[in-house]
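Multiple structures follow.
The following pair of complexes shares a single chain, chain A, combined with chain B in the former and chain C in the latter.
Presenting the complex of A and B:
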């Protein structure tokens, strides 16, 4: 009998609360634009902050309110931007997908190390101590600040230099901001021919510090039939607009600092 | 009465033993490399070129900007290179290399005479022209310290003879061997800013220096010696002010805001040289100790190369793991021993490989030792958690910017957590963010 009373009491309580809640949810209903949820579902959902908003929710809200552009979410890519455009009923211009590239090729044994660093594992700290553990002051330090900031697990450390998996990279730019040496740059994914060095020191100094340093010799520039290479500040730079990805420059580079993906 | 501050630690007293009784000896090498950014502020511009002949005391670097001070040749001879070399910071610095002809020909000097009779208005320009910056380690230009802004009045010149760092005995020897010069320098600084009082603060582990300084102060106007309890970081600017005057420098303010200017004993002696003899700052006392055969207190010309100094001291006695400028707590590690010493290099300390090895950090056990030793009163363990998570907003709200990077927390932590290193990183990141915001 006691058990019956208890069950009845609890059941009655449940019913009353249920009714109150139902009433409250009808009475105090807040109108939410369902598009916010839909837009949010199309974003990268990593809260990486690349769009400049506090998170994916805030970005979706901004898109629906017309404050942000539908293609503002880098991790969503062209496909995501198109879907968001559909939800919002606007046509979306999407350029080519970008990807982050590491402009340093100074792996272990190639780049000269001046000292052994075994302090706090952060590139920011290491870079500030006597110019960092590598002789080249433009090099990837390799302690993984970018890796820690990557929300998509696209970065790994290979032989003391960051390596970015282009398939996983969403070009959110978190690594670009985290790097104290500015070794990481965003580039169109089709740009497969890359000068992996930005050492602007004199050729002699650059060569002393790393076997794969660009010495600004200009051989690649001479070889390029499309006038796509400029040598500035002591290192070569490829113009992605003019480059045809033929890869001839990589073949003549005496320092092997141009790579073809 | 012995005074002190809240918090602090007692690191390796024994490290001072090898050099504290050794008199200062001069050492002049055949080549000096003088860097252009020995002070805080914009680097000076070299005004000599390769092949020029220079005299001792000749200006070889012109000051740039408001904080700029000139750089002088410390030996006479021929300039053999003007180039950029890697130094202790992130960026390479301009450096003038001079081959010494050992003739020691001086430029013409303009002495101002006795510190008690000189026109006070001439003292600060003389200090600037002598290229004097803080010789205790921070290298802040001294003439700026002695130029109070509108509405500020310097009441007290506080002279830092604490030398609380491990290993270093340079200031100790200076106080013993050149006490009168220090008092002259204090008087010059006091007259320059019209200060009422000069206090020379010395830790009680240097009784001979205390005695010598009391003797030197005898008969001088308003200068006295204050004995302090031995504790690190007693020689930190803000700790020293708190211990000696009872005043606290508010967060983000400078000592002048509470009417105090802190000068190192070495800086005071340099001021006296600049005023009485018109001599620029071209040499300083540096303690060379640790893993060298013959530890010594050396009077070195600015720009002497570390390798030459270590060679003069008999070479390495151990397999070197690390060579640092400064003591164990705040010393800066050298990338190689071809680096020259600068105006603020108070010590060259060699550590063996075992001493230099880092220890893996463990988990925080919430013992609170870091909190009890922090001289600023911060919560290091909490800041560390925020810094490790890259939460700079949180770190900032926990006042990481007030951290003086003294290293007490890291020294005391039983889990050997890298507290100070992470605070240094946080401070850098926050400063970089502020700069980026200001730039936009």
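Presenting the complex of A and C:
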């Protein structure tokens, strides 16, 4: 008899709760726009946050509500933006794909090391402790903060300098924000000729700290027929709009700090 | 016992984590960042308060009259699970803001022993309805205090120099033990 009571009571309780929940699921049903899921499927799905929203879901929601642009997802690229545009029924303009480039070429043996760093393996920490092992204060520290922040495994450490695989890079900008030295910059992928140094020290100091430091001598600027090179703050910079990727500047650079991909 | 003393006793003296050792799973699992710990604390406060209320009603009006008090555990689990489901649906519809703030933590609490613990403790302590609800609410505040403090400590542990073998969970457990000892200092106050 007791067992019967117990079973009945619990059964009744379960039934009541079941009914209430069934009723509630109908009553409190939230209409979810099916386009949200479709848009989300077209994004990079890495929750990298480059779009400025809390995640891919939030971005998709914002696109469907018209708050975000269909081409707002950097990892999705031109192809993804086009697909999202199709779902939303709007035309999408897509510019050229960007890619992150490391503006330091101070690999082991080239950049002078002043100390041995045995501390916590993080560029941010090393940068705070006497500026890390390398003498150059504009160098890639090489402890891989950018690598840890890359959701696409595009970054590896080669001889103490970050190396970015342009095929895997989606220009989400996570590494740009992670780098304490601001060594990484986003550039159009067609920009193959790059000055791989941002050292703004005086020529002698720069040269002493790294064999491949840009000393701001301006020979590349003189050599360039298209007026694409600007030398300011002690280092050269190439204007991607004017550069024709001829690579003549790289040939005359006395420090080998201009590279052609 | 007046209400202020009751509050102090729930939050500090009889802290759920440090003196009753209930809810240790989220205490260690979701305490790596202060912001997530605070969300978890809020979700627990929410559920524990409502759960003590409903568990009291089920106990007084269903289990006791039928002489089924030995079935409390299973009945309370049922109540809590259904309640959390219901609250989740309700929040999703009525206030998406709170829903997204609580996020994944709300469904996670369904199986939290702190929630079941407060319901059972209310019954054994023979609290009336007001005191049951207050016990639920203040105990949950104590839980929130503990988990937020722990998260604060763990955030600092992240960047401190710890021997390799103690990294991660071992040092967290040691920290939890030290914090429990500190909270034991409150015992006998109320």
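Note that in this section the second predicted complex is superposed on the first by the 232 of 261 C-alpha atoms of A that agree within 3 Å, B and C clash if a C-alpha of one lies under 4 Å from a C-alpha of the other, contacts with A are read in each partner's own complex, and residues count from 1 in each chain.
Keep this in mind: contacts are C-beta pairs under 8 Å (C-beta built on N, C-alpha and C of every residue); 3 or more make two chains touch, one makes a residue touch a chain.
What you see is a predicted model; the values in this text were computed from it and never measured.
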First (chain B), second (chain C), both or neither touched by A:137: first
First (chain B), second (chain C), both or neither touched by A:148: first
First (chain B), second (chain C), both or neither touched by A:115: first
First (chain B), second (chain C), both or neither touched by A:5: second
Touched partner set for A:125, first chain B, second chain C, both or neither: both
First, second, both or neither for A:28, with chain B first and chain C second: second
Which of chain B and chain C A:248 touches, first, second, both or neither: neither
Interface residues of chain A shared between complexes with chain B and chain C: 120, 125
Chain B partner contacts - residues on chain A that touch it in the complex: 114-115, 118-120, 122, 124-125, 127-132, 137, 148-149, 180
Residues of chain A defined as touching chain C within the complex: 2, 5-6, 9-10, 13-14, 17, 20-21, 24-25, 27-30, 120, 125
Residue ranges of chain C in contact with chain A within the complex: 58, 62-63, 66-68, 71, 74-75, 78-79, 82, 85-86, 89-90, 92-94, 159, 161
Of chain B, residues touching chain A in the complex: 86-92, 332-336, 357-358, 390, 418, 421-422, 424-425, 428-429
